[in-house]
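Chain nomenclature is as follows: A, B, C and D, assigned in order of appearance, with residue numbering initiated at 1 for each chain independently.
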Amino acid sequence: MIIVLKPQATRHDADELIDRIGALGLKPLYMPGVERVVIGALGDERVLERLQLAGHPAVESVKPILAPYKLVGRDLHPSDSVISIGPVEIGGERIAVIAGPCAVESPAQMGLAAVQVLEAGATILRGGAFKPRTSPYAFQGLGAAGLEILGAVAKQLGVPAVTEVLDAADLEAADPHVDCYQIGARNMQNFRLLKAVGQGRKPVILKRGPSARIEELLLAAEYILAEGNPNVVLCERGIQTFDQVTRNVLDVAAVVAIKARSHLPVIVDPSHGTGVRAYVAPLARAAIAAGADGVMVEVHPDPATALSDGAQSLDAHQFRQLMRTLGPVAAAIGRSL
Amino acid sequence: MIIVLKPQATRHDADELIDRIGALGLKPLYMPGVERVVIGALGDERVLERLQLAGHPAVESVKPILAPYKLVGRDLHPSDSVISIGPVEIGGERIAVIAGPCAVESPAQMGLAAVQVLEAGATILRGGAFKPRTSPYAFQGLGAAGLEILGAVAKQLGVPAVTEVLDAADLEAADPHVDCYQIGARNMQNFRLLKAVGQGRKPVILKRGPSARIEELLLAAEYILAEGNPNVVLCERGIQTFDQVTRNVLDVAAVVAIKARSHLPVIVDPSHGTGVRAYVAPLARAAIAAGADGVMVEVHPDPATALSDGAQSLDAHQFRQLMRTLGPVAAAIGRSL
Amino acid sequence: MIIVLKPQATRHDADELIDRIGALGLKPLYMPGVERVVIGALGDERVLERLQLAGHPAVESVKPILAPYKLVGRDLHPSDSVISIGPVEIGGERIAVIAGPCAVESPAQMGLAAVQVLEAGATILRGGAFKPRTSPYAFQGLGAAGLEILGAVAKQLGVPAVTEVLDAADLEAADPHVDCYQIGARNMQNFRLLKAVGQGRKPVILKRGPSARIEELLLAAEYILAEGNPNVVLCERGIQTFDQVTRNVLDVAAVVAIKARSHLPVIVDPSHGTGVRAYVAPLARAAIAAGADGVMVEVHPDPATALSDGAQSLDAHQFRQLMRTLGPVAAAIGRSL
Amino acid sequence: MIIVLKPQATRHDADELIDRIGALGLKPLYMPGVERVVIGALGDERVLERLQLAGHPAVESVKPILAPYKLVGRDLHPSDSVISIGPVEIGGERIAVIAGPCAVESPAQMGLAAVQVLEAGATILRGGAFKPRTSPYAFQGLGAAGLEILGAVAKQLGVPAVTEVLDAADLEAADPHVDCYQIGARNMQNFRLLKAVGQGRKPVILKRGPSARIEELLLAAEYILAEGNPNVVLCERGIQTFDQVTRNVLDVAAVVAIKARSHLPVIVDPSHGTGVRAYVAPLARAAIAAGADGVMVEVHPDPATALSDGAQSLDAHQFRQLMRTLGPVAAAIGRSL
């Protein structure tokens, strides 16, 4: 860690900081420059977090050298992790395709959507029972009944299922019905929920918040791993910017940026990532071309009547068309569906 | 609501949409233009939310005429609301000053901070027991012990107290100790928590998320009011932008923009809103000058040793200096401390 | 155009606005709702721009129905445009690859870079003579001497060349040496420059500003077409967001969003779009997979000594590797290099 | 400057970098840590800009210690600068008020606006002759005729005038008519224009670009000072964010952040900074309360018919009301109008 002192800082200030650094077991380094005094701290600088040095009146800025996460980082775990959701591996040579409706609406709708996406080649089923909605007047999901429907459909078809949980209280209800929890973008920093899923072993798809920096996403994942659960898949799903031509801007480069820093698999959600049906397929292809380990796509038997997110849902025909083009793109970079 | 059809939409598409609008009790209006067909829907367009018209394949865009919130809006409630936190009114002629440490660290620290801020003129005490932190390795707050300390200090000094709750599960623990719940920026769209605080009558300070649009903040407040609790104070605390010279960019104009739309009182948190100690006082003054109903300021007896947010905490001397300048600014716009 | 009046607007206000709309030859439509009066204006609403209705005290908001651009839009020109830069077509079945150093540094450097990129399969040469730099202390380009070098190398190798122009005054100097002008991101709204290049027929690569909305990019292109020059290629090169893990966030979906609105070809610059050497190849592949008509890549014989943008420049070996993977991705979506 | 090497960097890489640093006259410092090697460079690190060390394959990141600007910074020029525009000083105890119409439309409009703002207490007159507009179909200003009108009105009333210049070519035309040039937000990084105004002595109001970081604004000002013109006033006028409830988000804290780094005066433009007439007065008050040295406000005799920016223009009555409240706010912080 590099601590830059203010121009008016005294030698006494520097000595005090050097003592505090040394007391934590790091090796302090005094570097007097012409215009600023700089203090280095060699060693595991994460323990310095406790000192909150940025709050010291003599400190101008603090520049960490090491990433603030450990368990999710590549420094201690250089090789890629492969996470299993039921029998499906994410992070290996094969690209995972998770598909299904935004919300579970009825047994008929969920069953039909499931058959449609599996026939087209999807390998994991998604469906939302608890729907976090911006407006209290929007459809909030079927809740426990939705979980039952999703679980029953998945079991009948022999496919793993994933659903979003909003709260630690949802885990018990969801556990028997799904093979994987999803933590949605709005809950990426719901630390109670992160700790709760960290205490089990069920895999977790952790979505990046729409305004979360990549470092914040990795620290959120660190919460889960720090509790003992290594089975985390990260998901880029679009970030919020100044342009609202699309619902979000899908940060395709995040796939590369995350993989440069972390061993965890990374998938992409082009449905939320664009919010526009016609953009889903090209962006799914782009995600695979950039190195994503999978995609998560919203598919509804009849998007015009969907109770949520119809504008970004594909119908069965559109999803089949997408699947036909994903294989060649995967092959172009040496992977397969 | 105005529904713009795609150029290739047919008369049949338009008729179908007109029928669906009429079936919900609104008056549809057909407006064929040279380049686009436009359909109007007159009446309470919020019921159209259910139709999810943006998902219809013939629809290019949907433009609401009315705000999507009702209870927090000024259309049905034109005059300003005044919310009481203990004996302190927020939203009237007097400016409220909420102050205290970011985190409760010990009885001595909390007690000293409380005495310092009350002597300087603060009227509500703050202190965090549950601390949501980006990194799992950072100080997470004293939890229940922190609530006890805060409650005891506040009772002894006869001042109302506010603390952040992270989860519906925290309400029971916090209830006996505080007069007001705070919902932090990261939880602004924790809809379970919003509903939970909405079911009581205890006032709630709802902070704007760092990337929440004002409409999203108002819809979050709508969740609380829709459950029956009208006692909501909104809080601007800085938004996330492309510049990280300050921790956040304090959106001072949000005070005016919110008040133009909502009857709820608005306060400002210049501590989180800037993240820099030296910026807190000028921004507190700016907030008052722009019409804020109060400010919330972090004060710590010794910021250099604070366990969290030391860099943005004032010490007692700095807080007294700030308080001396707030009065004249309030007077300049016809209000008082 | 839809004009929503304020709740307190009178029938007199509405009549005045209706008269002003009618006087411009549009058909006004009066739609009194329960909570708001709405006025429609049918016809070519672009003439309403002159009325600046949003400034009227009785107007709450103005919602355009049509896009504000005409010449670049698809409404009047539905089929894709193909633009020629020398013998190279952009916008057809083949993907264009524009490559070369960020800045022309010397005849040797430019010549070597040119040979390297052409051997690897690039078809258009790039090199900057005028470099807009954030700091006055950074290398500002060789100016006229750089143009001479670029032109001479391109002629000798028989390949079209493109260079950035900063100012109308640069056109005369650049004209004899290059086949295409580039307008950089910082100049996207330099309207004098847009008009100047619009008065010729030389093709123009217009880069999206780092904080320009897609509509603003299209309006900037409209300036060029409105002056008479139809030969415009649009270029996505990354936008500014809250995360600075990469220099910019490459908005890959912009390729699709622009093509949905405009007939102009769209290329992508993954070098500026990421600012990180290791991210260039995956993002170039993503751009092609999403439907871009070409990519523009910075290549330097020795990036470690480059005078500008070394951190994002590929060396010859890395560029050859990239080119080998682009072909299969193009083939996967039915195109070719 | 602190140079962090990649984990796989060799001792040979470090030695090479140390040699390059030493060759430029700085003192290199080798700091081998457990997980990363760090190299320090003590001395005037701005000369290292030339080395473009971030482009070196062994370098993970480069962290500057010093600001990249010198002339505008406080390190070498700790006390506040006071800049004179005609007889009006900006940066001293008195708050400057610059007012007038967005665009010069006619002698009658300009003359009336001028009389109105001067009677209300403004001390500098503004009026645009060259209008940069997003759409080619919007009013582009009267050009040279507008300059004549502005100059004549200002001379007759004995008040200094400021107008926006878009291009070095405008300076000759504008010079006889105005006392100060304004460089607009879109041109903040038009480096040719910055250099051109830097070669004279006429004061320059430099507006922050809507997506410019404060460091970029200061570097843009550095261009002007580096050419020899010290008479620069910086202007905050709103930044672009994810929320478009207001046209821009006025970054009031930028006043404090700039003053912490630079000795130049800072003014605020609440008209562009909000884009909404009703928000101008509260934000002008907020700017003064935060320490701004002046405000620039758009005033039009009849905003409903203004040819540009009517929605954010005050009329004479509203401006008089604003002026009456600014004095007490200035007095509250020990300044005066």
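Miscellaneous remarks
Heads up, the rule we're going with is that contacts are C-beta pairs under 8 Å (C-beta built on N, C-alpha and C of every residue); 3 or more make two chains touch, one makes a residue touch a chain.
Only a predicted model underlies this, so the values are computations on that prediction, with no experimental measurement involved.
Same-residue interface: chain B and chain C share over half of the residue numbers found at their contact. Of all chains, the one whose Cα centroid sits at the greatest distance from that of chain C is B. Chain B and chain D, compared by their mean Cα positions, are separated by 31 Å. Per-chain CA centroids place chain B at a distance of 39 Å from chain C. The geometric centre of chain A is 26 Å away from that of chain B, both derived from CA atoms. Each of the following residues of chain B touches two or more other chains: 211, 240-242. The touch graph of these protein chains is complete, with an edge between every pair of chains. On chain A, the positions that touch chain B within their shared complex are 46, 49-50, 52, 54-57, 68-69, 132-140, 166-169, 186-187, 189-192, 210-211, 216, 219, 222-223, 226, 240, 303-313. Remark: chain A residues 2, 4, 7, 29, 31, 33-36, 38, 40, 42-44, 63, 65-66, 75, 211, 240-242, 244 touch chain D in the complex.
Partner chain A is touched in their complex by these residues of chain C: 211, 213-215, 239, 241-243, 245-246, 249-253, 255-257, 260, 273-274, 276, 278-279, 282-283, 285-291, 325, 328-329, 331-333.
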